[in-house]
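Both complexes shown next keep chain A, but they swap its partner, so chain B is in the first and chain C is in the second.
So, the complex of A and B:
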């Protein structure tokens, strides 16, 4: 398959594991942004793990994507068949050694960032730190074996050795990508991690601005992956193992991504978060506060505003959870809450609108739970539903999730005049109670409850559904809030300013 | 040689003097290989028949004939031995034991054809005017020797050392006995004894091998595929054997040091006998080396690579590396001790031995220097063996080439310098090659972890 090619572009998007090969929230957002600026010529660098992990494109490429290149970090090609012993550049490896010392040194990250800036360009083709030297030189061996001796608490040297290799090898691949990439007037990464590192490298060598938009927090998500991953080995025996201490290889990976994040934050300006909690997290991870701000996702009012007129005068006593039936959405808490709601409002119904095929076992458990609580008639599993058709028939949108970022479903509900009851995760408190003083002055557009607290969830829902005045008030606040802060027009306007500034910037 | 280490350890674990002696005896026989043994055989035949065969010139003719047979057959098959050993161990590793024997038959067929193709013209070029019977016996011996070198490679792997030792005893008893019985028939009689004895030896070894491998088909030629043979091993085998024999051939064909014995075949009595005597002195050294390398070294070698593969700590990996180095050092030191002993014995017994063989005591210095050279050759062989374990084939090839060139150049130099320098060429060539080899070994072992991990 051939990709569009160009000699240069305005904005180069650096996309790791998202658009156009993976569908999901971030990918849809990227699609939305590209289509919102037809006058801007976009280039896309897609970075994947291995070619086998991806099928065909999940999105049609917009016409203003003039250039697309696809790279896979873990499709290892052995550059040398019979490598010969060699010496690396002593100065370069001293720099590497210094950099790793700085990593381990608690305190100000500035020396590490400075050492990084000095060493990073050397991994580019033609630099003093080529991949062959990393893989085969005696100096690299000295650093790796010293690192193992001085730091590693896991006994297995061969695992340490390969962890170091696999961790670092993609950096040279990224350097080659950066070296060969067509010129662009600004770079825009939608995550830190490897794409963020590529952005930092491009910013340093091409002297053009790097914009960073984070939907989730890459470093945090990677940490969750790493805690769960079983492929990272732990070779300590029962005497060596301290259960409070993470396997050293996990720690290595976590530190690696933390520093990758820092390099990216250091190079990026602006650093855009989706909502306030994430912005604070970015600052805690090393982003300079003055470069950060929030641009929330926006929705199209045109699509949802007409739905308000379709609802009956009294709000239907229907609580609706819109989302996939998977453990992270904690559907069981919603079902338990329904028991209490039905006790008070016997005609109330709980709808669960979302596909069940991702985790069929969990879906079956949910159905059994509804049955054993005796509310099988009140709790309905609807499968995937069109949001536009659903909104006029429901009284509340419910989120019982244990993790969310900025759920569009709350905003879509607001636009259609439906208040929400949600757990206190991600941006939900900000969406319901407001963020800045004027926003807060509007009042609550629903209620926020703790996670895994069915009683509180039920009580909050009953309070709204059982009191038409309160419901009406929350509905009006929701409409006002989404119109003032969360429309797509607002989001596009924000990014228009960001892009205009970056495109007009002088070379650094 | 993978099998022998296990057997040796078993014997040593008995912790009795008899077990120890047995271990060293096996190691001596397997380690020195049949070619030292066949030299022993020639010398015995020579000693025994020199008193009874008249004229004694016949004995010289017989010894010269056999020496040429050994030298040429080793040079012809040396490479095949190494390459086919590798082929066999690869197949055994793949658990395809059943195709080993058919391939042995295939290889023997090819060797038989090649040896005949080379041997028959030689009969006309080098042995004109000799009886047809003698010439046919020479051809038969040549083919037999070539075949024996090939089958020999199975000896250590079969773990039936008693049967093998018995077989060799039988083969050589027949050789010597038949030669003595047939001595009235002159040179032809002696050669017929040789052919008979070696025929029995080859037949016995072949039957043992066939019994152990239980072939499912008669013949196969899988070994001939390029990817299953290692050309570099072929080259190593040829170069090594050429290197070992280069000085001898030069002495045979240098007019001052040689005389025609059988047709175009010349011999250098003053050089050959000291050389063969010197080779006898390496048997204890080979035994010691075998025991050290196949037990201690291999044990730590296995642990080293196990630790690398299965996640040992770097300290442990380096400890095993150090233990490998220590066992090599230990082995080389023991070889040095035992060879020194052998040298001292030769120095003491040399005059009377030369006297008994009827060689002028003027050539005593030659025997001395040859014994030292042979002792050094044991050490060189040990180091080459370690390189084989570390799979450093290119280095072995380089060392063999170095040895061949040095032996040619330095021997030529000593021939030009005169009788006082005879023997120094070979010994110096071994010494210089050994120093190079030890230098490389030192470097390789120092950087073993680096090269194991970083050059993959």
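So, the complex of A and C:
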């Protein structure tokens, strides 16, 4: 597969696990933004885990994407054969040691950020801290064994050693990407994490502005994964375990992503959130408040308004969850809620419209759950669907997620006249009940329920589907709300200003 | 002031001693006078020098004084100068650190991995978790501690904080509940597959059926299913229990389970029949009677409940039921 190539670009988008290989809210947003600015030449750096985790592109590349690079962090190149004993650069390793001391030091993050700025350029090709030294030098071994002796509360050194290796290995890969990347006049990352780290590196070596737009809060989502993940070992025995403590390796991973986020926040300006709570979260995680502001998502009314005419007179008894089948969407709660919905409205159906390839294990669990609840016939897994075709056939959009930002699906449903029942996460309450007094005066455009409460979710859905008048009212409110506050024109105007400022900036 | 008087007096005595010698007389009386004056002067200079000594060198007092006196007395003139110069020199020296005495000790047997304990020991977990004003970090640790507690106790606590204002707390609680549920559902799926594949009337079939009955009951017991889901789990468990009973009609434990399920589904009469059957099959009375009393209570048969509880009063082995037994035994 050949990708477009160019010698330079205006804006370079740094995308981790999203557009164009994964479909979903963030990807559609990226697609929207690129197409909204045909005069800007975009480059894209896609960062993924392993090539096998992704299929073909889910989006056609817009014409103004002049350059695309695809990198996989965990596709390791063949390791060095028979590495020789070697010494690393003592000054560089002292810097590494100092940086880690600063990480552990509670209080102001400034010393750590400074130590990071000093050491970061050294991992670039030609620097004094090459990957080989990290993997094979005596100094690296000493730092790792010292870290284990002084800090690690898990007894297994082997696990500690490999955790350190696997955790840090992608940083050199990112450094190589940064080194070889074509010049751009500004960098735009859509998350912190690895893409954000790459952005911070690029900002430091290329002296061009880094824009950060966060949809979900990456660090927080990583934490959810890490709290739940079962692959992280805990080797403490019953006498060593403090029941109130997370396993050390889990804490290591959490801290790793927290600091990756910090580095990115430190380099980025502006830092854009979708809504106020997320902005506050960014500030709490280390973003400077004066650099942050909110730009809510917006959607194209032109595309969705005609769908309203296609709706049947009474709402179809179909509850539809539109989204990837992944744990964060808590599809299982939706399936459980369907058990009650079917008890009350036997003809009701629950549709799950979204790709299942991202977490096949979870998708299988969901299917098994539907089976064990005896509602395999009422719950349909449709795979990826075109939203435009789906909307006229459904009665409600359902969001059972445990974490969201400002979901496009709700807005798209509103524009097509479909009310929503959603969990109280991200800005969903604001989307359903309104934010400012005028917005609230419109009334509710659906219902909000607590997370992981299938009973409440089912009752709210039954209340709307079973009462055509209430459903019509919610549908009308949804239409009014999206037309007034969440159009793409508003969003593009904001980003036009952001891009103009970044492109016009002098070199730092 | 006192010191300068001492030295002046010493000088006065010494000069008078020497002057008495200088008069040229060689009588014994003059020599005695000289020695007396010289001794007095030496004593004065010794006490002067002693007062100037650093405290760590001034002890023991008498020998040091005698030494200083001896120096001044036996080495005329030069002794004086030596004592004064020596004391002055000692005062200029930096104080020497005391010599530490080292001794070898055994390494204490401490597990280094235990080093960084947080020492969080909180009683009243529910109140603490529900207190959204408490520091998030401590509440997170309290939540993590719930990981080692049985689902029946932990699940209601975890569910309580699903609506907490702090997202971290919510998400952690959710993750923990979810993983409990996930394990059970995985096991249910495995056993269902096993049941599906097992030949009819085989021992494996019976085993899978029993396990499924157990697992669905576990969902209810650990309080992981509410409302319609609880009802569904109860009915599934009941279905599998009845299937298992068809193959093993004399299994007392299955009859007990059957009774519990019927009771949870609000069918006290069917429950009582199942409990009676379990009793006749040899299930110990202490295990059945509390449930029978519950059934009697559900049926508004309070006298029956009291009679049953009185029967239990003779048993000492039910500490958790003691208050209940005591209540029903009051007349």
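By definition in this document, the second predicted complex is superposed on the first by the 329 of 508 C-alpha atoms of A that agree within 3 Å, B and C clash if a C-alpha of one lies under 4 Å from a C-alpha of the other, contacts with A are read in each partner's own complex, and residues count from 1 in each chain.
Heads up, the rule we're going with is that a contact is a pair of C-beta atoms (placed from the backbone, for glycine too) under 8 Å apart; a residue touches a chain by one contact, two chains touch by 3 or more.
Note that this is a predicted model, so its numbers are computed, not measured.
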item	value
Contacts of A:300 with chain B and chain C, given as first, second, both or neither	neither
Comparing the two partners chain B and chain C, which touches a greater set of residues in chain A	C
First, second, both or neither for A:90, with chain B first and chain C second	neither
A:365 touches, of chain B and chain C: first, second, both or neither?	second
Touched partner set for A:149, first chain B, second chain C, both or neither	both
Chain A residues contacted in one complex by chain B, in the other by chain C	149, 155
Chain A residues touching chain B - in the complex, by the definition given at the top	83-85, 135-138, 140-141, 145, 148-149, 155-159, 161, 233, 235
In the complex, chain A residues that touch chain C	149, 151-155, 220, 223-224, 227-228, 230, 236, 239-240, 242-246, 281, 327, 330, 332, 336, 339-340, 343, 365, 368-369, 371-374, 402-403, 450-455, 458
Partner chain A, residues of chain C touching it in the complex	111-118, 120, 141-142, 144-145, 147-148, 159, 162-163, 167-168, 170-172, 174-179, 181-182, 185-186, 188-189, 192, 226-229, 232, 236
Complex contact set, residues of chain B against chain A	308-315, 317, 447, 449-451, 453-456
